[in-house]
Amino acid sequence: MRNRIRAIAFNTFREAVRDRVLYNLVVFALLIVGSSLIFGQISIGVERLVLVNLGMTAISLFGIVIAIFIGIGLVSKEIEKKTLYTVLARPVHRWEFIVGKFGGLVGTLTVNAGFMAIGFFAALLYLTHRFEPADGYLLVALYFIVLEFVLITALALLFSTFSTPLMSAVFAFSLFVIGTFAEDLRGFASMSTGVTKIAMETVSRLVPNFAAFNVISQVAHSQAVPGRLIFYNTIYAIVYAAVCLAASVLIFERRDLK
Amino acid sequence: MQRNRVTFVASAVLVVGTALSIVTLHKIDEVREGSALREVLWIPSAQTVKRMSLGYDGLLADIYWTRAVQYFGGHHHAHSTDYQLLKPLLETTTTLDPHLIPAYEFGSIFLAQNPPEGAGDPTAAADLVKKGIRENPEAWRLWYHLGFIQWQELRNPSLASQSFLEGSKVPGALPWMRVMAAALAQNAGNAETARYLWMNIYQSTEDKMIRENALKRLAALKSDEVVQKLQNLIDQYQQQQGHYPSSFQELISVGWIRRVPLDPLGYPYQIQNGRVVVARPAELPFITKGLPEGSQASNMPRNPSN
Amino acid sequence: MPAIETFALEKQYKVGFWKKRPRQALEPLTLSVEEGEVFGYLGPNGAGKTTTLKLLMRLIFPSGGSGRILGKDLGDGSLKQQIGFLPEQPYFYDHLTARELLDYYAELSGVEAKERTHRVEAVLARVGLPDSANLQLRKFSKGMLQRVGIAQAIIHNPKLIFLDEPMSGLDPIGRREVRDLIQSLKEEGKTIFFSTHILSDAETLCDRVGVINKGKLRGIGVLADLAREVSGKVEILWEGAGARAGIEALGGRAQVSSGTSRVVLPEEKLNAAIDAIRAGNGKIVSISPVRVTLEEFFMEKLNSEGAEMEQEVAR
């Protein structure tokens, strides 16, 4: 069982890595990191600020796009193109397929993030000529970005199990936008009344809490990220992804593969 | 069958996981409390936010507006004295959407009042309202709010009178703006004027928090009035009897009043060392009379300047 | 033990956006296939062939009925090790090479690592792709993909192989090669169940055929029995123009193509026809009895709405 999952994960990774689209997006992200060095020079004293803000935002956004892009290929595209049939005709459980796919994609994204991080820190080093202890928080911000990838991938996978590639992408991206304002949604919920309140309270707690993963402006100002936040965010990402995977498995196990 | 076991495990993960995620979410919110709001301090300028909003400034303005109200409400509920983020939040809101009149109104009251009822920065409040007037010349009510700040918090009745006058010139302004201008020119510091202004605010706004605030103000004015009358009575008593009454029962027994007077909260007024005092001053913000000895009015303006 | 058995296996889809109307993709199907048989599943496009295969492969779930493969229930996990599947118009991971794909699939099917390399090479050679082993699949032609498809269906040495339109997209050489491959698999004792709408392919390979149309099984026939039926006619081929008049006198109509004439006549007229040709100095090329063709069987079963079906009950 474990070998099969590992095999599927590795195959997913291999397939993703050889896809040229991935490279283009990574290159583009790195270009933006580089260009932020130029933008920073426009106003004195904020070069590091601009680099961190712009660079990390680029990594985050492009990474999300990549995650969705490949994520929708996980199941939707496989069904459309029928690559799935020959895999499932083998002694592979459907749930193993889901878990393996997810693992492969998370691996891909982590490697991506790694490359983009290297580019980013290279730019930072070029700018400041040495690393400071406060730069450690940049790693935390990057770690949170990777957690975001994990979440969005799990969501893209979930939508893949029952809708077309395009709709999966739309749903996943919509949830990303909504999740970015999750804290505001909860604020809104606490101020409303009646049916609206009940609806808002429920929805605002079920949407993925992307808001808490964005600490970019904090670390840009060299503010510390509390250890407790790192701990809870990690747990949240793991749990939420697990929920998405469980739902994916439940749907996928029952689905007619037309 | 394998499939049933898988279904069971997956369903269990789904249910337990969802519950766990909500619990963790709660913890995250605790740690993050105010983080999203504190970020507003690091925005180099409100203009930057506007540029970054990619044209969705209306939506973003609503988001910042919601955050501002929630921020204030939350801190107020916790009896905090720190409202330092209110100004940048309202600044950002009104830059993103200069026509969001409720934001100016909110700021005119809650930026101006002293903590814990506000940020205690009437100058900032006045500046905000002036910005609102610039962006919305047809909004005559903003002149009203400006005049109000200048009179109530900045203690400058002549400036206030001018504001009301300017506002009365705007097409559509109601006639009493001119009346107020005149009244302020003559009769600054009058409790009647104050009552009139707060009544007006109460009636003309739909914002729940502003209305509650106005009610508290009116209650405080009423209390001040009653305290003054009672004080006069016991001073008289002292002159006649040679000592202050120890309680209002004594005034009842000599037939000067019919029953023990109650403050707006429903508690009886008390007499301490020849002074009329309210039973629970902490619950009656905005009163200026009837405070126990040694304590100061919680809402005396701190900088009586322009 | 029958290799495949179905008991009233059916599939109904609900179509439509708001009001879901049912569409019967497969009416209750009961058939069985013995081990070692090559079974041809014939029908026009959209008849329900692929639906049947997908039900058997557990890619879709039945609305009713059940099935058994190699004695085990359709949902049994240990089953898949012993079956291989080639879907219609297969498509594989674009960026893998043929070798990588087969290695991956072999691993998923539980082939041990030591075995795998050897098996991959062997199967590549068997399907005729040894030179393309390191080419990425996105560069493969349709025929090549078909061969990879067959390769992945047999690499784990399954007992039973399902093929959905295995000849589709192949040129005559390719089809010949696939036919030979199926033949050699049969000689290895494997059971093969393949669907097609091309009758000539079935004719040369199958032991038995089933005809399906509009979701319903119309009939099952043993090919050998069909071949034995003689319709009472003979076909004569000869060279030489002279005899034509004599043949036509017997009531037959001669067709000529590049010097060779052909006529189909009732059996009793055979001797008279031979005499006529020899009298006209014609040279007889061949005389053969006309058999009931698969095509006739097929067309007859296709059109028999409500006719009694010859159903072979599960043995």
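Going in written order, the chains are labelled A, B and C, and every chain counts its residues from 1.
What we mean here is this: a contact is a pair of C-beta atoms (placed from the backbone, for glycine too) under 8 Å apart; a residue touches a chain by one contact, two chains touch by 3 or more.
Quick caveat: nothing in here was measured; it's all calculated off a predicted structure.
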| item | value |
| --- | --- |
| Of all other chains, the one whose Cα centre sits farthest from chain B | C |
| Chain nearest the overall C-alpha centroid of the shown protein atoms | A |
| Inter-centroid spacing, chain C versus chain B (mean Cα positions, whole Å) | 85 |
| Approximate Å spacing (C-alpha centroids) for the pair chain A, chain C | 48 |
| Rounded Å distance between chain A and chain B, as computed from the means of their C-alpha atoms | 43 |
| Multi-partner residues of chain B (each touching 2 or more other chains) | 2-3 |
| Multi-chain contact residues (two or more partners), chain A | 93 |
| Residue list for chain C, restricted to those that touch at least two other chains | 77 |
| Residues of chain A that touch chain B when the two form their complex | 46, 93, 95, 181, 183-184, 186-188, 190-191, 205-206, 209, 211-212, 215, 217-218, 220-221, 226, 228-229, 232-233, 235-236, 239-240, 242-243, 245-247, 249-250, 253 |
| Chain A-facing residues of chain C, complex | 13, 54, 57-61, 77-81, 83-87, 89-96, 100, 104-105, 107-110, 136, 149, 152-153, 156 |
| Residues of chain A that touch chain C when the two form their complex | 3-4, 7-8, 11, 14-15, 18-19, 81-83, 85-93, 254, 256-258 |
| Chain A-facing residues of chain B, complex | 2-3, 6-7, 9-11, 13-14, 17-18, 20-22, 24-25, 27-29, 31-32, 35-36, 39, 42, 44, 63, 66-67, 69-70, 73 |
